[in-house]
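Shared between the two complexes below is chain A, which has chain B as its partner in the first and chain C in the second.
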Partner chain A sequence: MTDTTQKDTAIAAGSGITLGRALPWIIVSLFLLVLPWIFGSNSAITIMNQMMITVVFALSYNMLLGQGGMLSFGHAVYMGVGGFMVMHIMNLIEDYSLPVPMPLLPVFGGLFGLGLATIVGSFSTRRAGTVFAMISLGIGELIAACSIIIVAFFGGEEGIKGDRTYGLPVFGVEFLQQKEVYFVIAGWTVLATLLMYLFSRTPVGRMANAVRDNPERAEFLGYSARWVRFYSFCAAGFFAGVAGGLFAINYEILTEQNLNTVQSGVILLIAFLGGVGFFFGPIIGAVVFTLLQSVLSLQSEIWQLYVGALFVATVMFFPGGLAGVLMMHVPAWRLGKLGSLVVPYIKTVIPAMIGILGLAALMELVFHARHAAAGEDEITLFWTTFDGFSVLPWALASIACVGGIWIARATAPGLRAAWHRANTPDRRPAA
Partner chain B sequence: MDLVVINLIDGLFYGLLLFMLSSGLTLIFSMMGVLNFAHASFYMLGAYFAYQISQYIGFWPGLLFAPILVGIGGALIERYGLRRVHQYGHVPELIFTFGLALLIEELVKFFWGNNLMPYREPEILKFVLFSVGSNAVPAYKIFMIFTSMAIFLALLYVLTRTRIGMIIQAALSFPRTVEALGHNVPLVFMGVFGVGTALAGVAGVLAGPVLGTFPGMAFVLGSIVFVTIVIGGLGSLWGALVASLLLGWLTTFAASSSFAFSTLLEGIGMVRPEDMDESMLRDLWTLTLPQIGPILPYILMILILVLRPYGLFGKRDV
Partner chain C sequence: MSTPALELAGLRKSFGRTEIIRGVDLKIAKGERHAVIGPNGAGKSTLFNLITGRFPPTSGTVRLHGHDLTGLAPFEINRMGLSRSFQITNIFPKMTVFENVRCSLLWSHGYRYSFWNMVSRSRDLTEGADRILEQINLTARRDLPAGVLSYAEQRALEIGITIAGGADVIMLDEPTAGMSHSETDYIVDLIRTVTQDKTLVMVEHDMGVVFGLADTISVLVYGEIIASGTPEAVRGDPKVQEAYLGAALEAEH
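Here is the complex of A and B:
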């Protein structure tokens, strides 16, 4: 059984922390520490805060989908409930001047996420697959609908607000500025990520993988598939609640939109784009998606269409997501042949990118032609402004689109051959 | 009494609309074993296509051609999308259809924008057929009820009485045996997917003028359709019919009732709090049945899934 050997190594590693295992975490922590000095502007800090909250949320989602094989359509509920609870606690602190330091609040969010997950998990984790997905959808719709009805807790449609500065000052810091909040969120992100990583190395985390792949066999080995799922589900609820608490601290407002089914769908999209097969996949997904969201949404009105197309393409062609694409290169790297792929990549990927950009430009032109107000002929595309109804931009975009894709198609066999060569070990020295 | 009759008619209308969607979905499920999240998106496409066609050649050609277009689109998606994802397993298939639902909504916004489309019922059906008390019943609603009933009977006839129906039913249970007998089973599957999505398209064409043609129309109905087939039992046509009608009447009656929960609370001996703003239970006192009407189907579904995962009429497990 490979499972047992892996378990043994995991336990052995747990007893002795080596520098090699701790190094990535230290580097990431240091990187997060210096980041605000590299990108110091307020908008950059806002984006980074959003990114880190999404990382925690996406990782907690992946505890279900990637590690436990449970497809949930209602995970935002746990984040939302945790966030609402933290908001209420924040208001209590303000009303009664309780001596609670603000950076501790996400723990309460986590505990309430855990509590809700325990209740829901007690009946929903009995089965995986479609039953679980449907129950999670039902619970998601139910609580989202309740959030409008139960005004006392959820604040109705306008949500509830709070003020994070009334907590006990930590070393004199009162969290008035975004930058101070950044460090709280960064600390929690590293801590939560580490805990989730360690969870995936525990026997329960390992058994979650086994139950995902073959529940029947896991049952024969003496494990209850249901309880293994239940533990994963509760842990995922806890970390979703932590993410909700961070959200509450960062934005100081929570509304019904934070826990509706749209939000649950977005987190599925993020986790899958990043890749559910690897622990770090959702981190990539969260970073890339937040960047896309904040950069692309300024440039284009139809950015959600691009994201949707990217998502469908990922499911169809790269079910491993971005992390899967990255990890595909490991064998070639081990053989020391990664360098031989650079030129074929340039030959195929760059024309393909040009083709896709051309296609995007065409779509922007079509969108402009269909929906622009009468008389508004000007369109700004790729930082240039021109008349959207003249022939030249249409022709250029079409040429870029057709030409780029044609070249990419023509060079694709070369890339495939190079890929094959890079992944085949040399049997004998080249004659 | 008038109100009951009107609610019965409205519930029948809504239930049969649900049934047109859920019948296709349940057929597709029994064939591929996967819930098609994008099913309601095909319903939306039906409405939009019909609107576009009705702009040029009128309502009736739209009723005929829009579902055909939707069905062709559905068959192509099955052939080039779902069949490809099928090799990765059930969960990626479900995620694929989910992504498809997102993509179709964005595409609709891309072509038609965010606004409500001025898609109207034909002039010939724009009159009040009869009135119950002071409530008028438009002819279009009755037309829709009869059309969907006719579709159900036709579907039942094709599935149980014709040779094609026999092959489909056999292919659902024993695909390999049917293949060995010389039938092209993948083609049958593609056809069933096409017909299922075309049925959703018909529902869209018919419902568009009544419920509104806008980019959110798939989202509004999408999850309710799932709930319907889960309650009815996955893969069961009769279950889909019964559950659709049940949900149709349940939501219509809940929406029009005037029942408030405060009467219930007073009935069990609780005292109405003096100061409403201070009480934590104030929402319970002001709650009415129309408010919780939309979530009743979800409560029902969760109960069914926990207590009887086969659904009302289902023979096979979810």
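Here is the complex of A and C:
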């Protein structure tokens, strides 16, 4: 039974914050501080802001999916509603000249997300699995429909706009520039990430894992699976709301698109791409996806096809996501044999990349041939412009595709053998 | 006489029109090691599920230390000091062995749904979990995901999880099912040490285990207890012999 006397003394003796544990957070913070000086252009700052907002959103989503085993199809609702709330507060600040500093606003987004999650969670977290997923989908559709019906709050189809510069200046900064907003978002991203990480280390965070793995067993350990889910759900709603607040500050506009089911699907894709099994997985997913979205979409009209293919490939071949692929290398690294994998990787991965790029080039050529306006024969691919109807590019792309994949297939057994060797400890000579 | 640890009165359970448990009355005293035996399909696991709140009984009551358990959820019953294992291994497969045990300590250490304590900062939890790992002989497996353990190790882990919360009534559902002889011996020793001074209720098929561990035995046949008493008394009971012989004859046809 409860052993209170023993507990009190032991907690007092608990280990404190060590440098080793704080170091990754300090490094990331410093990195985010210098980043605007490395990539200073406005478009780069815009991409980085978008990236960080997505990181917070994806991590909050993973509190449900990865940590709590709840597959939600409506998580964008909490981000969107938090964002709308912040936008309204921003407009109130403007209308009544309220002395509220702008960087504080995401708190209100979070609280509103928390409030909505408390209401929805009170009935949706009774069951996990299909029931939870269906309720989340239903609520997602419901709120998305409301956004067109309740015009006063959601602004109808045009959404609502605001101006972030009317807040109380912080040390003379009025947040006119993207760069100034960058630091607000970076600060919130680090804080929210840290809080979400710490949440996963608390009793209720640990039990979220237990309930995900085996809700029935958790019940026989004294925990109601439903309440454990509920607390995770509320926390996830809070951080989604924070992400929404950051979005409102960054873009100064919110529309129905920010909370509809498409957006909810995208965040599921991002979390899965990064890897739901690891805390940092969704961070990788958010960074990679935002890069693909912003860079690839400039290069190709069919970029969503590539993202879709990447997603399918991840689910099929790397269910642990990108984080899982990274963590796969830890055993080899511990054995000090990671170096032995470099050459086999080059032999297989580079031809495979060439093959995939060749395939992509073929798809671009087909797309161009089918959809280009009459007389527009020029196509720009891989930073070169050429006639899309001549034989040479088709032949080159086909050769790259077939040849690259053929070489990759030929060298794959070598890579597999090297992988096996790198993960087997050396036999020590008899002492 | 003090209140029994567990008291069943007129317990019945029907699924549809089929009555599985047909009026069970049973008293299990504090500190007793009680085994429930019976042929396949006698309702042993159903009886377990009724006691632990997994299913609601159709009628009758279950009392734990004199408190009525009617209408309570499994987690509430667990908090009152009753813990169980399952016939099919029921652990947290993706979590480490250590994490499995630590989670089972949380509630009894008073953490409830806390989100302001860091579990790794409580030396009490860490030491408590390590102590249990030592007891169940899994210290060497501490940081492995529980899902990769061998079957016997998973069963041992489940017993560890079951006792970790400090419940004083321990219910084990076929703890040695599907085990080899040496594994069975290991689990029986384990059960004997970890349930010292506790009330043990178990369902078991292996008669060697039953007669080695139990102080009292109840025989459940078609949802009714046909005999209850010391191992010797039960062994000599003609009704028991008939029931087991009958079941054996049926199996041959």
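Methods note: the second predicted complex is superposed on the first by the 413 of 431 C-alpha atoms of A that agree within 3 Å, B and C clash if a C-alpha of one lies under 4 Å from a C-alpha of the other, contacts with A are read in each partner's own complex, and residues count from 1 in each chain.
What we mean here is this: contacts are C-beta pairs under 8 Å (C-beta built on N, C-alpha and C of every residue); 3 or more make two chains touch, one makes a residue touch a chain.
Note that the structure is a prediction, hence the values are computed from the model and not measured.
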{"item": "Which of chain B and chain C A:W227 touches, first, second, both or neither", "value": "second"}
{"item": "First, second, both or neither for A:I149, with chain B first and chain C second", "value": "first"}
{"item": "Which superposed partner A:A210 touches (first chain B, second chain C, both, neither)", "value": "second"}
{"item": "Interfacial residue positions of chain A with respect to chain C in the complex", "value": "1-4, 6-7, 10-11, 13-15, 198-199, 201-207, 209-210, 212-214, 216-225, 227-228, 231, 235, 277"}
{"item": "Residues of chain C that touch chain A when the two form their complex", "value": "52, 54, 73-75, 78-79, 81, 83-84, 86, 90-95, 99, 102-104, 106-125, 127, 161-162, 165-166, 168"}
{"item": "For the chain B and chain A complex, residues of the former touching the latter", "value": "35, 81, 84-85, 88, 90-92, 94-96, 98-100, 102-103, 105-107, 109-111, 113, 223, 226-227, 230, 234, 280-283, 287, 291-292, 294-295, 298-299, 301-302, 305-306, 309, 318"}
{"item": "Complex interface listing, chain A residues touching chain B", "value": "65, 69, 71, 73, 123, 127, 129-131, 133-135, 137-139, 141-142, 145-146, 149-152, 261, 265, 268-269, 272, 302, 304-305, 308-309, 311-312, 315-316, 319, 363, 366-367, 370-371"}
